[in-house]
Amino acid sequence: MSEKSVWKPAFVTRQREDLTDAEARALICELCHHFYHQGWASGTGGGVSVRNGERIFMAPSGVQKERMLPEDIFVLNREGEVIEPPQTPGLKVSACRPLFLHAYTLRNAGAVIHSHGIYAMLATLLYEKNFVITNQEMLKGIEGVGAFDHHEVPIIANTAYEEELTNSLEEAIRAYPKAQAVLVKGHGVYIWGRDWMHAKAQAECYHYLFEVAVKLHQMGLSPAHGGLA
Amino acid sequence: MSEKSVWKPAFVTRQREDLTDAEARALICELCHHFYHQGWASGTGGGVSVRNGERIFMAPSGVQKERMLPEDIFVLNREGEVIEPPQTPGLKVSACRPLFLHAYTLRNAGAVIHSHGIYAMLATLLYEKNFVITNQEMLKGIEGVGAFDHHEVPIIANTAYEEELTNSLEEAIRAYPKAQAVLVKGHGVYIWGRDWMHAKAQAECYHYLFEVAVKLHQMGLSPAHGGLA
Amino acid sequence: MSEKSVWKPAFVTRQREDLTDAEARALICELCHHFYHQGWASGTGGGVSVRNGERIFMAPSGVQKERMLPEDIFVLNREGEVIEPPQTPGLKVSACRPLFLHAYTLRNAGAVIHSHGIYAMLATLLYEKNFVITNQEMLKGIEGVGAFDHHEVPIIANTAYEEELTNSLEEAIRAYPKAQAVLVKGHGVYIWGRDWMHAKAQAECYHYLFEVAVKLHQMGLSPAHGGLA
Amino acid sequence: MSEKSVWKPAFVTRQREDLTDAEARALICELCHHFYHQGWASGTGGGVSVRNGERIFMAPSGVQKERMLPEDIFVLNREGEVIEPPQTPGLKVSACRPLFLHAYTLRNAGAVIHSHGIYAMLATLLYEKNFVITNQEMLKGIEGVGAFDHHEVPIIANTAYEEELTNSLEEAIRAYPKAQAVLVKGHGVYIWGRDWMHAKAQAECYHYLFEVAVKLHQMGLSPAHGGLA
């Protein structure tokens, strides 16, 4: 093979926890780009926030998530105050701010993902108050959960403004200590983890399980039982 | 991290309104490439037009949308007359011209997208005269619409030639002032916005909602109610 | 914008009919790569052949279609005899050879595409002897067909060996002069056009229509009527 | 055409059996990246192992499969002992180790793929003990199988820990000598081949057939008969 044969990863940020500020900014852009192409962040919706020690990195509101650049990113403290505005003028911090902060405060999360993935949204309409599933290998990917556990994710009602979700999201996080996510009816899902890699893995497992539930329902099998009787 | 770790966006046109002519040409190519890979512009169908002040940029007719180059683009005035033909010889301006012009004239749009997205087309067959949906977060992405509004998009009959849609499209735009789109039965959709970023976000939200409607129908839930009773 | 902002197409072969031999070889590799990622050519199946005047370019048999290189391509004459073997040793010409030749001979095609696209295959199981559809805009993309025509594509029985399809494919091509394609039951489809761009556009329109038929069936609507009563 | 027109494959490892160690490491990274984007290896699940003579290359446990680098790869002997740990510190060898070894030992495989592809998992819930299908062209891609054969793939029960699958996987491999794969209920599939190219082709054919079975079921047709009565 020629020198062409040295494989290079498409995404360049390695599997690391310790990030410089520049890397944290680039990482958010890279993840938003990736999530957009997975259908989690279209129409300027969805997004991701990463905490680097006491510094919280967050995307601006209402922009095309797949085209963000590092100079568009806000830095906040753990109280949610902007301590470094983006270099790009005219941007406002994401409306998800108070929701992301709850995961940081109540669960000591290292990263939070908000997704409008269509199967996440559809799964909220299959169940009344909680998403429930069992008998699925992908449950092992959820922190502290086994393949044969009955795993529940709370579903809260949607509101006219994103900020109005804050109280019910807080209640749901407290009421479901085993869940790493909160679903919002007709809207999508918030998912967190102890760092960006963990949050991303949780998000991939949950999105897989939401799609499984919808497809099992379409096949006439019971989503709550993971397709087994 | 090495120098490899500086993330670069796959698409290079930033989130900007002010474009040079060269940028407007490149932008149309880039967007057509993107829309092709999203399934909105296969089989030489679909397309996008961008207005830069008084100059309207438009793709040629019947070409592979993902392979267009900046030298293939037409420039028209607001009356729809070609004021700069493309450098590439032998091209004809898109048959969508009169339809795009209606959105520019009646709504002062800054960009118009025409899509054959399969869920847009299928959604036209689920409803008689209007697409209707509510209780969906993605409705917030549509200009002036809230998540709990009953949002309607007109569906006009298809015609043997694209130009024959002109009158019914004009009527539909006038009759549905809250819609940012017109669906065409068994065909697809026209969507516009105040600039290319806004039009693209509208298009992403509408395509999401069209897919939701079809999938809710398949799940035995009511599309018009967004899956809620 | 910086120099980054000059958009470049992902695929580099322009929209041209006149090709050098080197370009024809590269084009086949590029199209196979593209078709693989569209799900038309997985598991070493599917493929494409391009005719450049009297020289017919064809992929080898049983190789990973997305990893072919220009030196893997065979050149045949119009009788189907190999006139230039590939530089890469140990390759055999595609088993599709006699099937591709029929499209070249009977329809004077400039390119032929063989696809295992899952909706093409599934569509063969929805109908007895012919795929039929109408009331679909994408029909306009098929040579000589209008959106309101009842368009038919023959479906022939599959055989144990690809070469055994030769006679029934020839019969089907002769019996359906308005079709640009022949479906094979439980297998896939052969599609052709006057040059590679035309064949590719035909293939994109047909694959869209096959998917529409399957999805309409799942929605409880009539595929043969394009979802209209 | 300009120099831009020389097509280059996205993936650089050619269709070769003979690999250097560096190439084997790069190949595993490249394939994991590819499988992640096909939905076979999300949430740190799934993976691939390649045997180069007596040296077995294997990915680490619990990492993002699309971001692995050559320095993360373990080398094992045919008894499954680590003979070269990865350069990257802190990694553990994949929990699939004993399962991969069974395919190497019992079938003299050259590569083994483990996938969580959603249609593979869903197919395990459509059938009791074996996946069965016939009348499908893609069956020809499975080693020693014809399009009209009734092909069976065993489905074993899932377990709380991946290692606990070892015995039942061994039994299933011995009991189904014509299968190149073993499905795991509510989990996914193990697939092997005589080298990495063959294993990949088997995996693509099987995943196609699993998706066909689920979609035929949704269409009201018989998956076991490949949609034919």
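What to note about this one:
Each chain gets a letter, A, B, C and D, in the order it is written, and its residues are counted from 1.
As a working rule, a contact is a pair of C-beta atoms (placed from the backbone, for glycine too) under 8 Å apart; a residue touches a chain by one contact, two chains touch by 3 or more.
A quick note: this is a predicted structure, and the numbers were derived from the prediction, not measured.
Path length between chain A and chain C in the touching-chain graph (shortest route): 2.
Ranking every chain by how far its Cα centroid lies from the centroid of chain B, the top place goes to D. In the CA-based superposition of chain A onto chain B, the rotation angle is 90 degrees, rounded to steps of 5.
Distance between chain C and chain D, defined via averaged C-alpha coordinates, is recorded as 28 Å.
Each chain gets a centre from the mean of its Cα atoms; for chain B and chain D, those two points are 40 Å apart.
For chain A, the set of residues that touch two or more other chains comprises 11, 13-14, 218.
Chains that are in contact with each other form these pairs: A-B, A-D, B-C, C-D.
Those residues of chain B whose C-beta lies close enough to touch chain A in the complex are 1, 4-7, 9-11, 13-15, 135-138, 141, 146-148, 197, 200-202, 204-205, 207-208, 211-212, 215-216, 218-219, 221, 226-228. On the chain B side of its complex with chain C, the touching residues are 8, 11-14, 16, 23, 26-27, 29-30, 33, 42-45, 63-64, 66-70, 116, 118, 121-122, 125-126, 158, 160, 184-188, 214, 217-218.
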